Amino acid sequence: MEALNKITELSYALDTFYFLMSGALVMWMAAGFAMLEAGLVRAKNTTEILTKNVALFAIACIMYMLCGYNIMYPGEAVNSVWPGISFLLGDDNTVEAVLGSKGDTYYSSLSDFFFQVVFVATAMSIVSGAVAERMKLWAFLAFAVVMTGFIYPMQGYWKWGGGFLDGLGFLDFAGSGVVHLCGATAALAGVIVLGARKGKYGPNGEVHPIPGCNMPLATLGTFILWLGWFGFNGGSELKISDIGEANAVAMVFVNTNAAAAGGVFAALITAQIMFGKADLSMTLNGALAGLVAITAEPLTPTPMVATIIGAVGGVIVVFSIVFMAKLKIDDPVGAISVHGIVGMWGLLAVCLSNDDATLKAQLIGLVTIFIFVFLCSLLVWYILKMVMGIRVSEEEEYQGVDYSECGMEAYPEFTDAPKGN
Amino acid sequence: MEALNKITELSYALDTFYFLMSGALVMWMAAGFAMLEAGLVRAKNTTEILTKNVALFAIACIMYMLCGYNIMYPGEAVNSVWPGISFLLGDDNTVEAVLGSKGDTYYSSLSDFFFQVVFVATAMSIVSGAVAERMKLWAFLAFAVVMTGFIYPMQGYWKWGGGFLDGLGFLDFAGSGVVHLCGATAALAGVIVLGARKGKYGPNGEVHPIPGCNMPLATLGTFILWLGWFGFNGGSELKISDIGEANAVAMVFVNTNAAAAGGVFAALITAQIMFGKADLSMTLNGALAGLVAITAEPLTPTPMVATIIGAVGGVIVVFSIVFMAKLKIDDPVGAISVHGIVGMWGLLAVCLSNDDATLKAQLIGLVTIFIFVFLCSLLVWYILKMVMGIRVSEEEEYQGVDYSECGMEAYPEFTDAPKGN
Amino acid sequence: MEALNKITELSYALDTFYFLMSGALVMWMAAGFAMLEAGLVRAKNTTEILTKNVALFAIACIMYMLCGYNIMYPGEAVNSVWPGISFLLGDDNTVEAVLGSKGDTYYSSLSDFFFQVVFVATAMSIVSGAVAERMKLWAFLAFAVVMTGFIYPMQGYWKWGGGFLDGLGFLDFAGSGVVHLCGATAALAGVIVLGARKGKYGPNGEVHPIPGCNMPLATLGTFILWLGWFGFNGGSELKISDIGEANAVAMVFVNTNAAAAGGVFAALITAQIMFGKADLSMTLNGALAGLVAITAEPLTPTPMVATIIGAVGGVIVVFSIVFMAKLKIDDPVGAISVHGIVGMWGLLAVCLSNDDATLKAQLIGLVTIFIFVFLCSLLVWYILKMVMGIRVSEEEEYQGVDYSECGMEAYPEFTDAPKGN
């Protein structure tokens, strides 16, 4: 009996440690988004996007602590649509409670909070890239408050908190829908309200490419995200402390990596065929597309199938980015394609390997998340537009938002062009 | 009995692994300091600060192995002020010794060494930023030898090695005082002996801002430090292998993150109010200030209180940086404010949440560390100044220390200005 | 009995988790190589080297899944030289199989695959730096297919898969030979077939240094590799779940760090003496040399001996880089010296601390790996040269391979020199 209790304690410690390490890896994704986005914008808008990324992470942590976590995982939900709200972070598990729970309580509830709080930051990071180079900083941060405190937790509750999407059999292992599609949808609403960057489209509607200023940073960001994704997907198994769970976590790691590899390879080939060059930015987006695609189900595919799911994501993302540009949805980093369009593919691809999935439930989940997040976000962006304005002036955009919003340059010694380059 | 012994072995393995992962995260902070500092200096002084950061880490590892560790954690101390010295790294624990220790020996002593050695490197990294852009490289490295081999271990012994500050009830969980205040104090002494950079102050004493050359690097450095801090604070619980300890480590992770978030938010708002702009460098310093502030006690506050402790740190750091500049203490990266002034706040803030803390003991600890480190450092800097000189010539400073100290440029193709820009 | 089975399950989970975390750290080394190499080439060749690094990682993952893993670790080998091939990734371990194995099966086989697959990517990353700035992207990727699918796994089988080198008593803990010498040898063959960069040698054979464009990136890459190496060496103990193994892993961490520190210090001093300056790129190569040197045996030396083994590596690498340049082996990042020459030193240094090692066996292993990899690689490079060509045109090299291979610049706003700078 003493031995069994000690084993329970040790299991609890291992699962908690696994959660904390996974959460730390997901937190690291914040750096990945910051570097990716800073690499893909122009030098004159770099300080602002860095500031946005640091600040949104802080806001996400504060808002999710204040109310988001309790909306998403309510102690006692009112019903399967409306979770209720309580504002305090609960106490942790005592030894007696854990031993008495017969295995139901097997990790620290604070480690769960830590793991979840970095997820909401990920969703919000997706938005920041799409609205880059022309949005007012403080309007963006105001949106972040609503998004991380309410919009994300609400739809998260419907699936992961035990709400109605979960009841319908909608499957989303680590969040192709709940995190990535959610973030991309909020971004899409923002881009529609905001409009394209000056100079992106010529007088006859032709698309002008605006190259990113620092490709090593973008590459670094992609590698950071790839690494962080092992925590994102790997931690979403939620348990590692027995043989079956350890095997499952290992499978999730292998498949996550395989899908990213498939995405890279497919996007590289697709870009070579379409553009005649090995386009680095498409290759990077291919890696991320592979990762997003496998996120809804990284456990049941074989590694070969995971590679293919990622590769399809890699092909989709190249076409989607080209198509979005033609639709005049101006997304400087391709976030809507990577996280939204490929997120949808990921949700549907669950049906390929998981027998518990139904196309119907996946579509209901996909449509529900999209419509709910799109309408809420559109409303919030419009309110912000009316109340404080969301777009910088034409003059400020020409000068670069670094100057107007942050008052400092990102690379004062490297770009000697006059302001407004 | 066989089962209980196996459980003891497994606990030992988990605690050791937790220590090693924590240590790896702290080692990663060395990269964070290197990137932060490289981002905040001018292009012409970048190679030198990178060289310093790599070299100081190596020196810290070697000196701490040779004598520092044994000074700080003596097998048999002479008394509570003087630890004695022994130069060899001891053997590790045998199975018999661990099983016979009744739980006293619960992790590999080499994993403890690994965790401790990366801490001393952190303390030394703090110094390097403050003296940037005008110090001789080899004088700095000579100081690093004394600091990491003797000064840091000596005051570390007084608290963590079981010396007199520990006996007095001084509390410092992960080192707001022992690491951060210590490093900042050595930096302060260095800056005083060294003097301000040419061009920092005008003829009438007005302060000229000298912007950093690469803000994405500075942001990356901050994110690296944020991530590494989960090892720094999280590992300082020293044990994770039962329910109570696992909950404690989870609380430390949550509070560390919450304090950083609070620091970001508070510094961003403070800077916006004071300067009318969302100042990125202040925001980054706010994150670090939040982290430093919570480091003395990341376990007992609730997450909300931790956020507030971090936020106060974020406000303090903005005012402190402005104030230091006025005092003509020229600290290019704000290290003295972030680690020193906010480190003091962290030590005092222990009293807010930990009933075992007394303001008296905290003040004694704070003052002891400050005076001891300041006087020792001042002495060492003066000796170095006399023996080899610590400041480059005016001509060399104008050209950039990269040229005089390292013979190479950091960005030879990006800055086409003549030498001496 | 129930308790003992649960302990076995928990041990299995801990060892699997340790493998997965180690593998994640090694995966992170891919980012390290990408940043290191991007920092050490010229701006006009940066996009291409980033593309190569991302793509080779993907190719390594796919090829190793398809056949490499099964060649290297065959279920039933044909004999000790020829492993046989099977193309599918096997199933994972069931609870029954694990409990029935009496401890032989103690971690998830998929976690082993994950750990191994990131190793093969490391070997391939070594090649990419040496052939930088003049090789055709697709020729390089074609080589990567053969290298990661066949050449690396074949010689890996001879040691780690239980082949004839293992039988001869050749010792190589984590791959100074199997990974680093192997990668460097393939690189050497490539450089010989490819020839030096235009402008590297003057008409009278004098060596022109070509400085890297971004030293902070190179430094970041080095720190990433240093961190990742804790997974590379630390994970190669393969087990952590009892006292002896936990102590061993801790020793590996401490020695890995000590050797890197020794390498930094020795290379810094050597460069200062030889060139009169604290050469950063030599210092970084010193860190990597220390790490490569200790990789063949990070367990048996004391930390002091590990520091010395690393320091010798640091001295060797400085002389080797200078010597290679004189031999007209043009290796822009010093990869052949760091991983090849120092890898050889690492293999020989095993004899210093491990009584089971014999100089004869170490030399046989060294020579076998070198000759096999060199001849295979030379053949493949020649075939590629004939079939598709491996070198860009003189005009393309002058313009930079970013333009010809990837169609985009890495830093479009920082380098305003005309194409062909």
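Per-chain residue numbering starts at 1, and chain names A, B and C are given in the order in which the chains are listed.
In this text, contacts are C-beta pairs under 8 Å (C-beta built on N, C-alpha and C of every residue); 3 or more make two chains touch, one makes a residue touch a chain.
The structure presented is a predicted model; accordingly, all values stated were derived computationally and were not measured.
Engineer: So if I superpose chain A on chain C by CA, what angle comes out, to the nearest 5°?
Structural biologist: My answer is 120 degrees for the C-alpha fit.
Engineer: Please tell me whether the contact surfaces of chain B and chain C are same or different in residue numbering, using the over-half criterion.
Structural biologist: Looking at both copies, the contact residues mostly diverge.
Engineer: Need the CA-centroid distance for the pair chain B / chain C, whole Å please.
Structural biologist: 32
Engineer: Of all the residues in chain C, which ones touch at least 2 other chains?
Structural biologist: Within chain C, the residues that touch at least two other chains are 3, 7, 10, 14, 21, 214, 220, 411, 414, 416.
Engineer: Which residues of chain A touch chain B in the complex?
Structural biologist: Touch residues, chain A against chain B: 2-3, 6-7, 9-10, 12-14, 16-17, 19-21, 23-24, 27-28, 30-31, 34-35, 38-39, 46-48, 50-51, 53-55, 57-59, 61-62, 65, 89, 92-95, 98, 107-111, 113-114, 117, 137-138, 214, 217, 220, 405-414, 416.
Engineer: Which residues, counting only chain C, touch chain B once they are in their complex?
Structural biologist: Going by the criterion above, the answer is residues 3-4, 7, 10-11, 14, 18, 21, 25, 42-43, 211, 213-216, 219-220, 222-224, 226-227, 230, 234, 240-247, 249-251, 253-254, 257-258, 260-265, 268, 275-281, 283-284, 287, 302-304, 307, 411, 414-417, 421.
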